[in-house]
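What follows is chain A paired twice: with chain B in the first complex and chain C in the second.
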Partner chain A sequence: MSNVKIRIAEDFSDAPGARYKKDGPDSGELFYDVLLKEKFEQALSEHSKLVVDMDRTYGYATSFLSEAFGKLSENYGPETVLSVLEIISHEDESVRDYTLEIIKNPNKK
Partner chain B sequence: MQRKNFINRAKSRASTPKTVKAPSTCSLIENPATAIKFFTSAEDGYRNHSAVVYDFTSTEEVTETFAAALIAHIKDRNINLGKSSKIIWPESQVCHQKLRKLGIFGKVEKDKNEIDLEHLQTQKLTNSKVQNQLAKEIVNSSSQFIYGETVRIKELYSILIEIMANTNNHADVKNSGKYPWWMVIFGDSKLDVVKFVLLDLGVGIFESLPVKKFGYRIQGTLPVLETQRLHLGMKINYMRANRLATIFNALSEGRINSSTQDPTRGRGIPRIVDCAKSGHFRKFNIITNDAFIDVVQDSVYAMDAHFSGTIYYFELKKFQL
Partner chain C sequence: MKKRNFIYGVLLVIAGIYIGAFHARLPLLTLNHEVDILEAGNLFAVLALAIIVPFAITTKLDIKRSEKDLLIEEISVFSKELEILETYICSLENEEVSTNETQKVQSLFKRLGEHLTSLTGQFTNIKNPVVKGEFSNLRTQLKNYWNCVTGDNGLKPTGFQWSNSFYLRQSREYNKIAAHARRLKFAINNS
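Moving on, here comes the complex of A and B:
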């Protein structure tokens, strides 16, 4: 079974925005609604991994990450998310660390 | 009788312009307290008089930070209440020419939202929400200026988005989105840096509710130091500076949540501080309320002037990639 993949720069935006749709384009809320949730559920149903490649973007706001991955963790539980999700962030390891921290502590991001 | 005189005086003020005299050195970084008092006086003029006359007769030096704030005051109806602004030019021809080059008067006359001037790389003003494509364009043009090629400087992009988002999710929840942010960018080929001035015309970091609450909690826990001295033209109050530094450190470490009371917030300032110290920035200053913060040098000063809002000033430099 092959992994489900999201390459944020190519599949969503190379310039991610802030938290909510009302904040402006390409928000964390939009990313969750149109891509992350669907791909996560696909990975769950296929018993595969969801690999999220965060490289090749211009960078991330903390609000984007906390909205998208925090919501995922709140809705599916940290343990389930951590067992399914694989984060790739070679260009900026702090982004990976921060995202994992959010998933582990969705209410303390 | 007294009441009648008061009303007459108020009417008289309202029908006449207020002249605000600019200092010799107009800089929010080198001379912050004086510059803030100048703009506070102008704001009073817009509120209580028919117009404001900016008198630069004795001015010898005007920096980009000051120019950015001046543009915002002249252009922003939230500040000028739709009243007019006039300029008295400096007697110094050098300063006169520099003011022209900074584009302040072109900006006022042309009334456009974006202008490109001869030695300036980019200059933008906006009152919109978080603009990711604008931030991307700025990273591209800034890196082109510094490196001669387009480089994804993630630290710069993150700072721009965090500041925009922080302004948008305003400290004063009721006024969220009401206050615009202003951004002015200057390419300095002599120093080989790109200078950024971002103005958040909200309540300011230390006046936001959660920060105020944190301030109340730590009251009495700090040592009392009464000594004062001068620094950057500011009379430094060590007791206040110590208090501001304690609060800012807590903010930088993510120990103060945002005004929404949502525990998932409050990570914007820590991210800004981390990026500011990444090595990409020659200077990174935050002026907010009565605080002057040098983020790169880890210093916090208390000014004897109060700015209702936040000014971010930073210089992007060449960095070993």
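Moving on, here comes the complex of A and C:
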């Protein structure tokens, strides 16, 4: 059983934007709607992991991370998300730490 | 290396026993009875310590000093990049912020995050609680600054209105993180 993968830089954008679609291109809301939700549900149904590779982008706005991953956590619950999701961020560990923090406390978003 | 040292040690002891036994049977070298064998031993021990101890201590201190200098230098580079970021954010004042400009801010934050990620590996071996605490504070403060500038009330490609309150908030967070970086350098230097 292979993992489901999202490489944000290649599969979505190498310059992710802000929170909402109205804030500009490649927002966290758009990322959730077109990619993250679908891949997460695929991983859930296949009982596999969803590996999100966050490297090779120009960087992230915290509003992008909190919208996409906070919404995921709100909709599916922090425990389920943490058990399915695996985050890779070798270049900047603070991106991984911040994302995990948002998943654990989605109300902070 | 340990195995080799052990073998040398064993060989030295065996050689010492043989030399002692040989000397007891064939006293080729006779010591003056006025010379106390313990005092002669002390003399050799003092001479050996006088050579070995300063060498061992200075080598260890030099390594520790150069490690500290390297860490301080890396934090200085971090501080310079932090200043570049703050200057860039301030240069956007009263402008309509574009997608490219928000991307540049995000990439500057990413560079700062990469610096701290690379420093994390070097800080895992440091046991000093003050230094560890200051490093942890620096990471937390970078997250706060990042959140202040790119969070909901921060820069965004469309519809961002520059305000004095944004300028003051980001300036306050910048001052905090710059102070943490200075404190970390001070803590490393005095550890």
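By our rule, the second predicted complex is superposed on the first by the 108 of 109 C-alpha atoms of A that agree within 3 Å, B and C clash if a C-alpha of one lies under 4 Å from a C-alpha of the other, contacts with A are read in each partner's own complex, and residues count from 1 in each chain.
Keep this in mind: a residue touches a chain if its C-beta (ideal position, glycine included) is under 8 Å from a C-beta of that chain, and two chains touch if they have at least 3 such contacts.
Just so it is clear, the model here is predicted, and its values are computed rather than measured.
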Are chain B and chain C a fit on chain A, or do they clash, once the structures share the same frame? clash
After lining up the shared chain so the two structures overlap, which partner does A:Glu93 touch, if you call chain B first and chain C second: first, second, both or neither? second
Tell me the contact category for A:Lys39 with respect to chain B and chain C: first, second, both or neither. neither
Based on the superposed arrangement, let me know which partner A:Pro106 touches: chain B (first), chain C (second), both, or neither? first
Of the partners chain B and chain C, which touch A:Tyr58 in the superposed model: first, second, both, neither? both
Would you mind checking which one, chain B or chain C, touches more residues on chain A? B
Using the touch definition from the top, say if A:Ser13 reaches chain B (first), chain C (second), both or neither. first
Across the two complexes, find the residues of chain A that touch chain B and also touch chain C. 15, 17-19, 22-25, 57-64, 66, 91-92, 94
Mind pulling up the chain C residues that touch chain A in the complex? 99, 102-103, 106-110, 113-114, 116-117, 120, 139, 142-143, 146-147, 150-152, 154-159
Listed in rising order, chain A residues that touch chain C in their complex are 15, 17-19, 22-25, 57-64, 66, 90-95, 97-98
Report the residues of chain A in contact with chain B in the complex, numbered from low to high. 13-19, 22-27, 56-64, 66-67, 70, 91-92, 94, 106-109
Using the touch rule from the top, collect the residues of chain B that touch chain A in their complex. 128-133, 135-136, 139, 152, 154-158, 161-162, 164-165, 168-169, 263-265, 267-268, 270-271, 274
